[in-house]
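Two complexes are shown next, each including subunit A; its partner changes from subunit B in the first to subunit C in the second.
Then we have the complex of A and B:
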């Protein structure tokens, strides 16, 4: 009987591959890597003030006057902050590619027979994971904020014809080239070219148009919805600040579209009621 | 050398396109001449003595040999369309902090308003106007010819200003594209008070134009049913 030989595990192949930390250190010590990282940091710090300028620009017409607008501004601010390092890195690579690897006078162009670019597993995994995490962050944040904004906007929407909250102020908004008009069915159908609202009182907007498509945009309240002829669209908001704000049309609607704006005046409860009474809008319900 | 010639031709072609657009825009531009309110002296008001001025306008259903209508810029091409128009100008100028009395002589027909808000008088002294000498605060929304509606300009730092009066329609078959015009036009007079200087626009809110919802044609071209309103 012949001797049986049990096959043993092949010996581990010898390798000269240095440890990961050593390779990372070696990579960071390369001149072009250091330069790109430095440029990234510099551009990042230059972009930071732009983030605040963006917020300032958004607030040119006044600070947010509702929870919805506060949520929108917060989202824009956070997304801009997250985008800064990515933007800075992309621009850093671009700048370094243009300057650092620029051909010098008298240099021969690269040989087309150079070795092919090989895959780099670490790089591929890194950018895939980082991109996925960022996209997941944007999606989750966006959906949560959208749900929050939708709840605040439509919390006043009638369900089966019933208004959810007893104290909801109903305003029928009509767009017509190139003026907005507002009717208050709860106040003797008082109507006005200025939108009067009450602080901390939910308001339901029934929005329509008499001619072409307009878009009812209550800027500081974070409300924007189409005004379509022959149809009523609904949205809502709860103003949380007294003051004078702006309504604009956000849909190109003809010759004087740019002039289709008016004011929102948000009063306290007593002032709102007395103002309505004095102007013929007695409360009917 | 070839590259230089190609680049030069490209640049010249770009300049020619831009210049062409600019020339076309300049040729088709053109606002009617400024119609300034005529000063009428000091008047007593509850707020004390105040300057006053008057402005006379007419509305015609179409142009004619007597009233040519807007002819500035591209409007000359539209002159034969039979569009209604304000006359003698839609570029209006009134003094600040004054009482302005406007008289509009309305020769055109009309119909039903799309929005009854425009059948009421807004922004005049006491919220009234006179029609052929009779004081009213509103007009039948089914018998309105045009409106004179001044509204806000998107410019912060100027006073809010809103004014709208309905202009009664002339009935019967004698109006519309009539020539000669009716002999008994509606005469509407109203007075309002101006504040600090500002730039505004005005337009008609009665659908008196062409095409979709009758909001085309003269409703979409300055010089006919809309214009500027400067408080200076």
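Then we have the complex of A and C:
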């Protein structure tokens, strides 16, 4: 045959297929599509205040007092913002199903007049791509923030970027049923049941427990780590505000778990030093 | 060429000894109860003599309390199962007396009327109903404890209970609800519906099926009794070494878990074998209803996950009773080992609860939308994806424990990846809703409730899977609210939809949907109030499992308590609808929903052997609806005709 197509030649593109943009346009011009999208936008805007309301609730006991807590709140804000569109879309489909496509009641099922949509490649691919991109965003954001927090946690690198490793305040935190004890090895092993910290000075916590698992949670500082018997866990923070903040136990530890809370007092540099001189003996290291 | 001589061999039939059923005729739940109590008393007495030469009283604070209580528990389990007749089969087999056909029919409950529900009955339909009743009893018990917990938290100006009792309430509520939720769908649907849906006459191992339900029945009393002797004061996770400090009630918890894990393993193997080998001719994997995939997935995850939990509790028990030190840090044990073992169960278990409920929703939505399931293969991919990832995410419960801080990165990845397959399931649901007119019945209403709750639970799960955000939310009421949205909002509301859907098949009567809907929507409203407020309490920074808190948490806790009471009342209304409909509802035909799966093609009540002739499947399970007028190829043809580019 003379007109046989050689195998190397690409097959002819189908010409009777309308261009993608036109198909999208056709789809968007359908009534129910427009309605679902409008409802999505409306619900999205209704949900939008949540971004700030969540933070307002988190700040109710006190505004963030460390860079870590600020990072945490930023994460919550961004995650809420990113999750809103997809939530709004799903809710919009539910709403439109109820008020647009509507239901029919009755003892017998409605006639089989619903379109048998078995699949839609475009919808499935779009959904998969969008959800994968969102997940990728959440994971990358989380990892970067985690790296950032880890770097800031161990007291070697305060928020202002300057390394003051030799200036780190070390506090040995011990949980026992049902009190916290804070020991300052650099201050003559002064110990207290209230956590005294210095503003803008990185602090390293060596956390352990005498009996059961507790969880050392400095709420406004965004610090949380288990106090395990038989192990020392480390974390750290740099408080950036003076004031009184909360420590709570966040792991069930028995009878008086609910009452295992105490205060953090963050002082300025002079106040902290003079307070330590008066109450805790001189600086030993 | 060789010739073969064919011998016709008469297969020897086992000889009938006495009446069909033999000793099983005399054994039932009440002999089981008596056997359990008697043997428990005997074992407890013997152990008490062994340990304390006369000086000890029945005071459980004494040194012999642990071993004595342990002996009581062993006596209960062995005595109850013996009294039920669980050991008759193996003994008979060892004596070389196999079951005759009449014996097997007796065991399946033929001609025993309602009393077969009280026996070691092998018929899968009886077992399914037994599971349903048992799940409802445990849910009621757990719900009652929830009301007490909310009462304590709502009364912000005083302590209603002493802290120890409050802690027991929290722990017992947790584990009771976990057990109830694991069986509430997999039990009744997995046992009653799945074999019929497969086109089988019974489960693959009918006697093991009976054993699995009676092991569950056997597992629950130790948990309830433990409330009387010190309780489970440590949350449902009973972290070590707090676990070791608790009274002998903890042995009740451990017994419950060990027995329940055996029950789950047996049930899982049974369900998986049934699904793998007993599907009807023609029911290829691409024609298998999605519910069967869901139940299979749950069984597979249960089979993988529960042994970890069982080991952790066996090791805890030896730590307590014979002074091993697996988890005792003072003697070189590790609390992190316990936490790992526990959460290796703990996270797959969440999906063991969620997937069957979601599968029921996926199963019923095509029926009420009168449309095929949208993207059947994506639904399967979603289920497979969840199963695949479920075993790789456990350490996200341990971000803040100090165990391997670097593990935060991979576990954050695996945890957040799981939202892709879960998203598939949401896509399938909303895709099936797309452009369809639904049949407005109660099961369909459950779909709306479940998707709503799933979005809230799913999105809040993203915060918790993220290590930095978890640094605030871990161990905080936010977590409690999140997992209630998943386990109650998705799984329990899905299960209520499933009950409404299968009620005509189970009972032969219509559910009173008017009353049940009032209960359902009231529960939904109460649920949003309870756990919405709990999210707020968590954001404000209220730790979990506390009975007193700062004044700033008062408002959210009051609202939460009001919501919880609403749920309590609503559940009673729903229960009343179930009970009255079961007793005197309008009789339902075999296929009231005009569904196409095999389970609805049998008459109701389903005959003992389900199908007189085994069915052959020739089509897709969800063949509803009419050809789509807006299908892409049709639209293109229209456009071509109209001459547009």
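Following the convention adopted for this analysis, the second predicted complex is superposed on the first by the 243 of 285 C-alpha atoms of A that agree within 3 Å, B and C clash if a C-alpha of one lies under 4 Å from a C-alpha of the other, contacts with A are read in each partner's own complex, and residues count from 1 in each chain.
Here, contacts are C-beta pairs under 8 Å (C-beta built on N, C-alpha and C of every residue); 3 or more make two chains touch, one makes a residue touch a chain.
Remember, predicted model here, so these are calculated numbers, not experimental data.
J.: Following the overlay on subunit A, give me a clash-or-fit verdict for subunit B and subunit C.
T.: Because the two structures are overlaid on the shared chain, the partners are seen to clash.
J.: Where does A:259 make contact in the superposed view: on subunit B (first), on subunit C (second), on both, or on neither?
T.: Both partners, subunit B and subunit C.
J.: I'd like to know which partner A:191 touches here: subunit B for first, subunit C for second, both or neither.
T.: first
J.: Kindly classify A:229 by the partners it touches after superposition: subunit B alone (first), subunit C alone (second), both, or neither?
T.: both
J.: If we overlay the two complexes on their shared chain A, which of subunit B and subunit C does A:210 touch? Say first, second, both or neither.
T.: First partner only, subunit B.
J.: After the superposition on A, what does A:24 contact: first (subunit B), second (subunit C), both or neither?
T.: After superposing on A, A:24 lies clear of both subunit B and subunit C.
J.: With the two complexes superposed on chain A, say which partner A:131 touches: subunit B (first), subunit C (second), both, or neither.
T.: second
J.: Between subunit B and subunit C, which one contacts more residues of subunit A in the superposed model?
T.: C
J.: Taking the superposition on A as described, I'd like to know which of subunit B and subunit C A:151 touches: first, second, both or neither.
T.: Touch partners of A:151: none, neither subunit B nor subunit C.
J.: Contacts for A:99 in the overlay, against subunit B (first) and subunit C (second): which applies, first, second, both or neither?
T.: It touches nothing on subunit B or subunit C.
J.: Of the two partner chains, subunit B (first) and subunit C (second), which one does A:178 touch, if any: first, second, both, or neither?
T.: A:178 sits against subunit B, while subunit C stays out of touch.
J.: When the complexes are fitted on the C-alpha atoms of A, one of 3-11, 39-47 or 183-191 in subunit B overlaps subunit C. Which is it?
T.: After superposing on chain A, the stretch of subunit B hitting subunit C is 3-11.
J.: Output the subunit A positions appearing in both contact lists, the one against subunit B and the one against subunit C.
T.: Common to the two interfaces on subunit A: residues 61, 211-212, 229, 248, 254-256, 258-259.
J.: Mind listing the subunit C positions that touch subunit A in their complex?
T.: Residues 163-164, 167, 170, 233-235, 239-242, 245, 329-330, 333-336, 367-372, 374-378, 400-402, 405, 408-409, 412-413, 416-417, 419-420, 423-424, 426-427, 430-431, 433-441, 444, 448, 451-452, 455-456, 459, 462-463, 465-469, 471-472, 474-476, 536, 539-541, 543-550, 552, 593-594, 624-632, 635-636, 639-640, 644-645.
J.: Name, in rising order, each residue of subunit B that touches subunit A in their complex.
T.: Against subunit A, subunit B makes touches at 114-115, 117, 122, 149, 151-154, 156, 160, 162, 164, 201, 203, 205, 207, 212-213, 215, 219-222, 226.
J.: Can you check the complex and tell me which residues of subunit A touch subunit B?
T.: Touch residues, subunit A against subunit B: 61, 174, 176-179, 181, 183, 191, 193-194, 210-212, 229, 248, 254-256, 258-259, 261-263.
J.: Quick check on the complex: what are the subunit A residues that touch subunit C?
T.: Counting only subunit A, the residues touching subunit C are 16-19, 22-23, 26, 30, 32, 54, 57-58, 60-61, 68-69, 71-72, 75-76, 79, 83, 87, 90-91, 93-94, 97-98, 101-106, 108-120, 123-124, 127-128, 131-132, 134-135, 138-139, 141-143, 145-146, 149-150, 207, 211-213, 215, 217, 219, 222-226, 228-231, 233-234, 246, 248-259.
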